[in-house]
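So, here come the structures, one by one.
Two complexes are shown next, each including chain A; its partner changes from chain B in the first to chain C in the second.
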Partner chain A sequence: MISILISAVQPVTPEGIIDRYPNSYNHFVLPFVIGISFILVYLLIGLIRVLYHLTGEDRIKLLKSLFIPKTALKNLKDLFCDCLLHTKIWKRKPLLGYMHSAIALGWFLLIIVGHLEVYIFAPRHLEGITEGSLYYPIFYRFFIWINPAHETLRGTVFFFIMDLLLLYVLSGIGLAMFKRVRSIALGMRHTTKPSLADRVALYCLWAIFPLRLLAESFTADLSGGSFLTKPMNWMFKAFFGNELNFMPTWWAYSICLGLFFLAMPFSRYMHILTEPLLILMRNAGLKVRKPRKGFAEAEIYACSSCGLCIDACPMNSQKKNLKYSSVYFIRFLRRHNNRRINEIADKCLMCGKCAAICPVGVNSPEIRRVQRETLNNSINYDYSYLDSIAQTAKPENAEASAEGKVLYFAGCMSHLTPKIIKSVESLMKASGTEWEFLDKDKGICCGRPQMLAGKTQAARKAIQANKALIEASGCKTLLLSCPICLKVFKEEYGLKGIEILHYTQFIDRLAKEGKITLEKGTEAIVYHDPCELGRGCGIYNEPRNVLSAVGDLKKAPKERDESVCCGYSLGSMTLDEKDRAKIAEHSVDNLMAANPDCIVTACPMCYRAIRSKSPVPVKDFAEAVVENIKPSKTKK
Partner chain B sequence: MIDFGFSVSPSSRINLDSVDRESFAALAKLEPDVLKCMACGSCSASCTASQFEPTSVRRAILSLQNGQVEQALDLLKGCMMCGKCTMVCPRGINTRHLIISIQKIYGK
Partner chain C sequence: MKNNILVIGGGPAGLEASANLKRLGYNVILIEKDKQLGGHLAKWDRLFPDGVSARQTLNALLEEVSGVNCFTETQLQSINVLDKSYNAILSNGITVLADAVLLASGFDLFKAEKKEEYGYGIYEGVITNADLEEAFREKKLPSKQPQAIGFVHCVGSRDEKAGNPACSKVCCATAVKQACEVKEVYPDADVYCFYMDLRMFGRHYEDLYLKAQKEFGIRFIRGRVSEVAETADGRLQVKAEDTLSSKPLRVSLDMLVLMAGMRPSESGKTVGRQLNLTTEEDGFFSSADNLLEIQRSKLPGFFYAGACTGAKTLPDTLHEARSAAIEIDRYIKEKFSEK
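Let's look at the complex of A and B:
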């Protein structure tokens, strides 16, 4: 079988395969040709637009990334896994994954195998536009006549593969139709409302493959077919008698294809063509600079409007908030509807769940942040009081002994929950760690809240002041108890030679090094992943390592990157107290499903939010650890 | 001028007729929470920025109601948006959005 396929790759023109139409043209190809030409031109212009709006620096970065072996390899892997196999959907919802890869991978393979077939049996038609290379491979079965007496094994293999692929696609289309009626069967509670262009493209897409099956069945006795098309051909002959039926079906097939391509740029299906570009740009490390141009535009057009983010959004525990989902944000961005864009941008909690589960990987919270920046960055502020702090802090004044010390930055929110600070203090004592307290009094905000509010300039000021203080301390390890701070310290500070640790990582390390010994209690614990710690910084395992040594760690139904935001995130600007409380309840419900004795979290904000709604005691991570340190060590 | 050892302090009279009520109405529309404040002062007590610079949401709201716009803006310009005031507010006022809204509407 394999040797047949290998030998099949060499082009030959066997006898008995001839063009039914001398110049290989028929009027019915016109709709398709118009459609495909339109989409190709549109794609070219779009590509130029996106590249034009990138900054020069970003363009060079993108170009360079294509030649870095590691990035190029990742590009290839992502293109294959995300665009063709859709591993991300498979992992979350297998049936949905099957549906999508049946349509996408199946169609892709139909095109590839179709071209291969033409390359082998009628290579002349791939030589140029004048030979019909644009449409010929698509309508190959219409133009070719194969003498049944000369049908080769090689040809039969191709007929079989093509029919199998068509069946594969049709099974996906069938599921897609069923999904429109009952989406929950495929694992989606809510789906998006399609726009007009979406509907046109959608119905065309549904029609394309059944029509292809019909069209190829009508001509199967002329151009060959296999298990699907041949029997249908016999059946049709028995029913209709003549062969003239095939002309209208081929016309319909071509019109559907043409219409699909014409509607594509205005519909959700633009994601098929934009996703590869987005993958390249993302792997090159580009960032969103403007909310509607450049990289953001690639993200906007790559959004498949699938609506997986609707179910994921913690706000949507209330039905009235459905309209604030990422998918609608992107849709309004695409339509330049500024009022709605700002409304949605301000509402979002920025928990990042939509970005984490997005099959295309559209980072919409980041676009929202940049959108807020366009409105709020220019708001007046006066941080002149920070200047003197930044100036007096000098690295030269640092004590030489400070190098081995740990510098603890509690952050604003930890100061609201003194329990956390006390726990960290006793932990330091128990483990015998030498440490300094950076913001014991007169602490400066880390800058993340300003960033989230879109006041980037103001954030820079705060970052500058804190950075000066940290560098002046001379310590080489920075310990944080607030994940909100952690994210900005990691991403924006650029602290060279200073290790930034969250206390979950720090405690995990202490336990591994044997500086503290943990006693296993009998309590059933469930751990809440704070958004900024988990999805924001990718820290999932360290807290779990420690907690499983402290008690009986249970699993919440939704955890790790699926964890539900506590609702009190600083990310949202306009969400009011009542809505936040509802989200907190929803979040607690998810945690309580594991039936724990206590809930542990590692963020001062989540701690406060969950405590207000939880029926069981809520502990901070450090607190839970300190309670379970073996006393023998503490005495040392 | 003869120095009497004292001076006349500037008038602290507020003329409510000349207060810009439209802006306050616009603010209340943008962030209705401004009407909820009961001036308990939790926000000022917890404020990060007030350790450096007089900053207080409570007093800013009061000043706005009195028509002292400059004073209100002065009380908010040092805000670091950290959100502690939102967390401690017993009335559940969305202070961060309130501050930004005040700055947007009054600050030019």
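Let's look at the complex of A and C:
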């Protein structure tokens, strides 16, 4: 896009623009040159490191993805929306979004337009490093003298644009300073404590743009300026009388830039440079394989340490658990603080809310899971029961007639909540669905709890055994009532030719196909999005479609991908019962704000947790549906 | 002038304390929210360890309280702390100026439907300990001979997820007692007890346990029940773990009895809220001191007896009732002697 723009504007050598310094060099550029050289070298080494730690397969995948048109288009869109516009933050907190896009997009455009200006008016200086191409465009306003007699319209337009952009960035910086004092004003209850490098980089960042304004104002009468720099130049002249002040400000400007780049790799601001890499890797479909290397390293450095995840984390309904937030997990991982890493990795409920709201999209629950994999696992599991259950899979089940049948897998949690199974059974009857019950008497764990615990090998055993049972059944549709199972079936089983459905999807389909007719009651219902179903599998609409047909569906203040975890997720290894109870209360408070007659959820775990704290009746999704099925007279 | 003492709760603790306070010469006002006095004792059939009739035991307690002002179907409407005494307004409109108050609000049984995996309220064959006692008392046991019966210990006790990590003290002995009684009625049935460990701490409790094994052939399985499902022919399929053989176990039963544990009573909580009485983490009221002043609360002149300060057996409850009477007597004498 930029190259098209450039080719449209042919470079000229206007006679009125003269280099004030014959060599186009002044000592003050040194700090900036050191800083920028350091960060460029650091970036290169970092990039090589990250790529080196990827598996060969992943490297090829990443390379290939760059040339797939669809992915490349998505890359461009994500780079623009996430890195520059910050649309994700805009959506959640507009003021915070404005602050970020002002600094990111504003700065980016300053650099681009600055280079464009040099390309048009002094193209010689972009020709190579010896001509000062590294620093000249940054300090363009210092090095040139514009003969006022030769000012052009084009030049004036550039002056205006540059001043406007500078003002844009400054407004963002102003907000950033205000946010430090009062974070709540920008919609953040908790924010992170900055480290030393963070502080250095932060204060430099704050200083860079005001200093730039000062510096360019001091030289505005020589090198030109617009509505911002020109009036300031006149004002300074009136106050200071001479032009000697401009040297120290240009020095200060350069030093701040240099210092910022030097502090950058050790500070949160590394996210500015890492995020583009993360976007490319994510869009290529790479997965975290090691908790600190390869893809994970890109994620760790892409974390902006903004702390949005602190407010989002369900554990933080109690202040003492603030320390388990993802931002601190990433921070300790970055600093190789192993003791703390494992503690934090184990506590997490894996609800995924931090990843859902993360402005850079760091999937820290996945890193936590992989971190759990690294722990010593010396327990010898007894898998003998798998064989005894596998023997019950009779080959004669695999009849041709089984193809149209629905295979229901209840899973352990549905078995612990018999109401759900009863409701599913009556639903099958009411809709006239032909079905088989895979784990009525004996069942094998779906493998998700082991996956969450980082016991991937143990999970593989269960997955393998279950997969064989499902394939032997001959059914082509697999129905699940537990979203915990659903996620692992979808992601890890690789069942070819078998459709995997959650009962919310299945019931929605039955209703749409007219196999069941729902009667609209008057009850005010609020729906709780289970983590594994919503954020985990992206199923938000189907349950709502059905529930709005059986009652008056209300909205909870926090719902869909912002839904509050019930606290009883299988994800946490060490969170104790009291903390879980507190989270459940918090989750119920959110639902009760909608003032419902009953709460409906579609996960046996959530159902039990919410029921233990809810002042109003709690129903399972299938139960709520079965209560409202209109008995049809023409049963086939 | 006789000092007025208000006793809240007409179960064994309230009855025994009232009787003793009356004997000590006080004017006792006893209130009970139910129609009849006796609390859970009135709903029970027989008592461990000897299998004596609950009715007879209750009658003995009731005889002692003749002369006490008993108001049944009466609750505390409001209570205020005055300078030296308490001003209580009862739901029957009577106002009592009491120099001391004894709270004997006891316990509620854990709501077994909360442990949905056991299927109480979902499957017909699943009942609680209280349901079984009622069936014995009303002679309403199913006439159809069951082939197998199970007892689940610790339902809502020693279970952090159910919100109660504490032991309810009476369920082990009750389960063993009930298992023997059921076996007497249905001698051909297999009877199982699923337990974590048996807490047969009282006198003769261990004898009861041995008798259950030797004479009645009750089968004790160490391990918790994980879930209950219904089989196609309407029986109950129970999945459990036998932790002694480290094997999962499944049995088909016709009846499953859940040993619901003790939770703080709702009526006690209402009184607690009015006076801001402190409770401990388990929800039961906190005594002034857990060794020396179990009967005293932190409010002067307000006392506790029985299961309102934690799960207790019947003999323990009766001891507490008597010592509460002595404590109240001492308090009144110290506070009002100079008058």
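The rule we apply is simple: the second predicted complex is superposed on the first by the 608 of 636 C-alpha atoms of A that agree within 3 Å, B and C clash if a C-alpha of one lies under 4 Å from a C-alpha of the other, contacts with A are read in each partner's own complex, and residues count from 1 in each chain.
FYI, a residue touches a chain if its C-beta (ideal position, glycine included) is under 8 Å from a C-beta of that chain, and two chains touch if they have at least 3 such contacts.
Nothing here was measured: the structure is a model prediction, and the numbers come from that model.
**Student:** With everything superposed onto chain A, say whether chain B and chain C fit together or clash.
**Tutor:** Here chain B and chain C cannot both sit on chain A without a clash.
**Student:** On chain A, which partner's contacts cover more residues, chain B's or chain C's?
**Tutor:** Answer, by number of touched residues of chain A: B.
**Student:** Please work out whether A:D441 is in contact with chain B alone, chain C alone, both, or neither, and reply first, second, both or neither.
**Tutor:** both
**Student:** Is A:K419 contacted by the first partner chain B, the second partner chain C, both or neither?
**Tutor:** second
**Student:** Touch test for A:E577: chain B only (first), chain C only (second), both, or neither?
**Tutor:** Once the two structures are laid over each other on A, A:E577 reaches both partners.
**Student:** Contact-wise, after the overlay, does A:G97 reach chain B, chain C, both or neither (first, second, both, neither)?
**Tutor:** The answer is neither, since A:G97 touches no partner chain.
**Student:** Now for A:R608: first (chain B), second (chain C), both, or neither, which partner does it touch?
**Tutor:** After superposing on A, A:R608 lies in contact with both chain B and chain C.
**Student:** First (chain B), second (chain C), both or neither: which does A:P483 touch?
**Tutor:** A:P483 contacts neither chain B nor chain C.
**Student:** Let me test your reading of the model: by the given contact rule, A:K455 touches which partner, first (chain B), second (chain C), both or neither?
**Tutor:** First partner only, chain B.
**Student:** According to the stated criteria, A:Y385 is in contact with first (chain B), second (chain C), both, or neither; which is it?
**Tutor:** Touch partners of A:Y385: chain B and chain C.
**Student:** Out of 7-15, 43-51, 61-69 or 223-231, where does chain C run into chain B after the fit?
**Tutor:** Between chain C and chain B, the clashing stretch is 223-231.
**Student:** For chain A, which residues lie in the overlap of the chain B contacts and the chain C contacts?
**Tutor:** 385, 415-416, 441, 577, 608
**Student:** Using the touch rule from the top, collect the residues of chain A that touch chain B in their complex.
**Tutor:** 346, 375-376, 379-383, 385-386, 412-413, 415-416, 441-445, 449-450, 452-453, 455, 458, 462, 568, 570, 573-578, 605, 608
**Student:** Give every residue of chain A touching chain C within the complex, in rising order.
**Tutor:** Against chain C, the touching part of chain A is residues 385, 415-419, 421-422, 440-441, 577, 581, 608, 612.
**Student:** What residues of chain C sit close enough to touch chain A in their complex?
**Tutor:** Checking each residue of chain C against chain A gives 114, 116-117, 119, 122-123, 160-161, 163, 226-230, 237, 248, 250.
**Student:** Given the complex with chain A, which residues does chain B contribute to the contact?
**Tutor:** Residues of chain B touching chain A: 31, 33, 46, 48-49, 51-53, 73, 77-84, 87-88, 92-94, 96-97, 100, 103-104, 107.
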